[in-house]
Amino acid sequence: MRRIGILTSGGDAPGMNAAIRAAIRTALKNDMEIYGIYDGYKGLVDGDIHPLDYRDASEILTRGGTVLGSSRLPEFEQDVMQDLAVNQLKRWGIEGLIVIGGDGSYRGAQALNRKGIKTVGIPGTIDNDINGTQRTIGFSTALNTICEAVNKLRDTSYSHHRCFIVEVMGHHCGQLALWSAITCGAEVLINQEIGYSEERVMAQLAIHDHFRNKRHALIITAENMIDIQALAKKVSEETNFSGRAISLGHIQRGGSPTPEDRMLGSKMGKEAVEVLMRGEGAKCICLIQDRIVVRDIDEALADTTRDDEELYDLFNDLV
Amino acid sequence: MRRIGILTSGGDAPGMNAAIRAAIRTALKNDMEIYGIYDGYKGLVDGDIHPLDYRDASEILTRGGTVLGSSRLPEFEQDVMQDLAVNQLKRWGIEGLIVIGGDGSYRGAQALNRKGIKTVGIPGTIDNDINGTQRTIGFSTALNTICEAVNKLRDTSYSHHRCFIVEVMGHHCGQLALWSAITCGAEVLINQEIGYSEERVMAQLAIHDHFRNKRHALIITAENMIDIQALAKKVSEETNFSGRAISLGHIQRGGSPTPEDRMLGSKMGKEAVEVLMRGEGAKCICLIQDRIVVRDIDEALADTTRDDEELYDLFNDLV
Amino acid sequence: MRRIGILTSGGDAPGMNAAIRAAIRTALKNDMEIYGIYDGYKGLVDGDIHPLDYRDASEILTRGGTVLGSSRLPEFEQDVMQDLAVNQLKRWGIEGLIVIGGDGSYRGAQALNRKGIKTVGIPGTIDNDINGTQRTIGFSTALNTICEAVNKLRDTSYSHHRCFIVEVMGHHCGQLALWSAITCGAEVLINQEIGYSEERVMAQLAIHDHFRNKRHALIITAENMIDIQALAKKVSEETNFSGRAISLGHIQRGGSPTPEDRMLGSKMGKEAVEVLMRGEGAKCICLIQDRIVVRDIDEALADTTRDDEELYDLFNDLV
Amino acid sequence: MRRIGILTSGGDAPGMNAAIRAAIRTALKNDMEIYGIYDGYKGLVDGDIHPLDYRDASEILTRGGTVLGSSRLPEFEQDVMQDLAVNQLKRWGIEGLIVIGGDGSYRGAQALNRKGIKTVGIPGTIDNDINGTQRTIGFSTALNTICEAVNKLRDTSYSHHRCFIVEVMGHHCGQLALWSAITCGAEVLINQEIGYSEERVMAQLAIHDHFRNKRHALIITAENMIDIQALAKKVSEETNFSGRAISLGHIQRGGSPTPEDRMLGSKMGKEAVEVLMRGEGAKCICLIQDRIVVRDIDEALADTTRDDEELYDLFNDLV
């Protein structure tokens, strides 16, 4: 393969630039040409395609977001759009494509693969919700941002005998909530896996209120689960804590990537180029037990095993 | 004066601990006794009062919140509550009282003063909305937190051609919005002083969209002004930007105080003790043209001059 | 086992408090008593031992350092000191001991084990230099601190066409240097594993200077390798860069632990208690392929395999 | 005046970009042309001069360093170099020049002014050591960086009963040391204004060691004052603290500017353009009592009044 392309799609995530940088430099080191496709599948269809050189990879490793831009294009499910994309790639002589994004982006990659373009996916999303890999690029940074924000809430919470209900991102996946509950020392966790029951939450809170005489408490909830304002009101009415709700919002998507995300992005970007160099396609790069593994996209997306039992036990033991 | 008390009241603000530390150490250096009153006027009425010594001032300078705790007690407007407070102070032999908080807290201090307790107020609130002083303790840190949060939004904004509408705190005062609009480089500012008009906002946005071809834009609005979700929707519909709204919320109240807030708190805490040492009361500590000034509370609260014209010009010139 | 002890020894590392917290809570949940031994083996010999309860684990998860204090006590190699320690433990009725620290601390734990005290080691050091585990508590936070410091240098480096030589910690191990070189995007790496040759460094620098026309460059070196001031002088004399040297020093040991270190410390602290609950001793807790593994201390310390070849390849490909 | 130039000179400082941005936008708003001169006086002599437009001011407000680059050029004291510079400016039709830097840079500006170029200086240096202004751009950010670094040291200091001797920048001026001693809560301060005496330092330390039983202590010293390693050794030998020395180095020059420096840079950049618009020269922009003031360079540089007595009193009272 002589010429490959790279795009980022869906929600951006810190560390995507590390993957882009690694792909550029690995391709150039191996005498391949690499083209940047801007604003995701939209730019692919529109032909917003530009050659990348060594310097395009400079000064981007430490920056959040994606220098290639991103977008959501639901219409890319349509055959006609995919054909436009294939035509663009052929026009530019691009034989292989690296797609950094979530599972929606992976489905686009599969469609292109079926139409003769070798594709390889890199899991880039803060939500850590992609089947087949234990970790996605951006998760570490988002977790770090949550921890820093909760640290700030802690000061004011302690001063006012408050219970903060903090809503974190995760789309329909409870990973960010679970990890942040453990690493921020939350008293209560609400997410998709353990569900929500008002009685449980109020009972858990009561332990910290009455028996442990705590000056503040922290409830972490995944988004798309509950009405956090209503719960805050309930807490104020039924406990000695003053309830306050905050949704951390889009700050969780930004920030300079942590070393972990820079490392993960670098490894995956390099590996993706090597997959294309070997002429393979319909693959995705995964992290399993701290090792980079190349899997078939179909197989990875079908792999719904996720063993978080140990983490739930840990949360329960340390609360 | 041999024995004084100190309390924090209303919303907490980073740098309050610097003022508490300075008050403790200045009092002890001058052979006065100083007592901490916990959880604001509530603790005063309840007699939650404890002597403070040198070590109570250790390790608190760098921490957000207030180690004395705070609360809101609207009932303190009532004469009967004030009498309870005076009785507590007399019981403990406390002749002078330092109150750190906002204008509500100042009114409580005035009431106590009328009943024979020498009081001195220190302006502690992130909102910078206290008459008579150009700066309040906590404003610098809140501004810093806003700038950091907006930095994170910028990454993701750039990647997605977005316009973020960021709602910042300030109660009914536009100071945090004004300062953060200038220091974050916002394209549009909405606050109490300049008001809101949809036409203006959309027209200003259009300049950056059409003529300057910007990849992202930032609108900063004070709280209690607009429905930010509705504006985000409008932006998405009527411009090329994808509108997103975020309310930064209580993270603005927390965090380790900036050097500026540590310095301001230290100066004001020291000055407040010296006012009581001189046997004065019904005073408040102000910052005017970067100088610590002692004013009568009544006079200060009545001083509604605030000359921000230069800052609005600056914002308009740099946008 | 009814009563256990816990101490931290050697250099402190962020995340040690997470392990202490997890050990306290896990022990209490399982109806064991747990005693804190202050200032490491010194406090053990001196009998500076105090019971820990639920609240001793509160508010410590997010703090750097170790709330138990630490010290270095080379004399603990002597039999007589170890006997004093055993007597103290027996006097307090402590049957098992958790030791958080580096390999020196592990050797103390082995000695105590030979004298009848069940011991379990937790790897706590920023250097990531303990045999038998792929990761130590504190490494992630130190790496993060290095990345943040280098980010600050980058601004000023770019402005002045500079080459910074940054010396990072690691004791006699090149792990921090290797990881930070990759995640900070260094142009040149010097550490114990790849050694130092002036010709190599100047040749690598020349590529970035002449061919790539870079405005700045970054050399990362492990401590105990070279005279960084001398290299800076050389760089200034023989390249177009202005050389500057900085040793990051002890800031690398501090800071609020990253989520990764909080998680690792939490898992290891819990596991260590469970090892003692099972009546086992002479064990240490390791992380291998992202999994918590319990190993014999002897076996772990003898395991010198460390496969970083992939990381060196990655660094070379991305430079 | 139709066309002006701008350059940054000497050590870079965070907030210089805010001044550059403000100058660009203010000039363009007033229908003036503005040219960037790269790498300071060196670029001026070499003719490294480029027009700046609206977009050159985008995305730079939040970045440390200077996008115009900087350099030191001692030879610019020579008449022949100054003539080369004047010729370049005339060739480009540049009638007025904004120089951002320290007092060395100001002297260059004065020389050019004497040769017919209208010049205006903006004080840009982290050292806060320019006569005639109470604050320089970059000081707030450097102070903030120092506070963050000391926070990290505090964790490890507390764990090990340590006394850290922290050397901060400041060139030959004690401002950064004084302000950071107050805002970091140092026990001992050493700087140019109060000098160094070993007896004083050891006596002050002894108070905290013996009487206050502190677990750690902090000495802040300005650079160019003492051998910090020697003092650390002394502390270890003669007190109960374990002495450690750290020189914070160039990280103090970097980092995203604080809101205060962004604001100060913005105000000064705007004012500088307005000075040139009025056809004035040989001026510099100062901050006095929180107000922007335009002064003659000669007069400002001769103004050696600096009243820090209040701050030294504050430090002494709070220690």
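Think of it as A, B, C and D in the order they're written, each chain with its own count starting at 1.
As a working rule, a contact is a pair of C-beta atoms (placed from the backbone, for glycine too) under 8 Å apart; a residue touches a chain by one contact, two chains touch by 3 or more.
Labels paired with UniProt names: A, B, C, D = ATP-dependent 6-phosphofructokinase.
Just so it is clear, the model here is predicted, and its values are computed rather than measured.
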item	value
Graph distance between chain B and chain C, where chains that touch are linked	2
Chain whose Cα centroid lies at the greatest distance from that of chain B	C
Between chain D and chain C, distance of the C-alpha-averaged centres to the nearest whole Å	36
Separation of mean Cα positions, chain C and chain A [Å, integer]	28
Cα-centroid distance, chain A relative to chain D, in whole angstrom	40
Where chain A touches two or more other chains at once, by residue number	151, 154
Chain pairs that touch, as defined at the top of this document	A-B, A-C, B-D, C-D
Residues on chain C engaged by chain A in the complex (per definition of touch)	21-22, 25-26, 29, 54-55, 58, 61-62, 134, 140, 143-144, 146-147, 151, 154, 179-180, 182-185, 212, 214, 256, 258-260, 262-263, 266-267, 270, 289-291, 314, 317-319
Residue ranges of chain A in contact with chain B within the complex	8, 11-12, 14, 39, 63-66, 69-71, 145, 149, 151-156, 158-161, 164, 215, 244, 246-251, 253-255
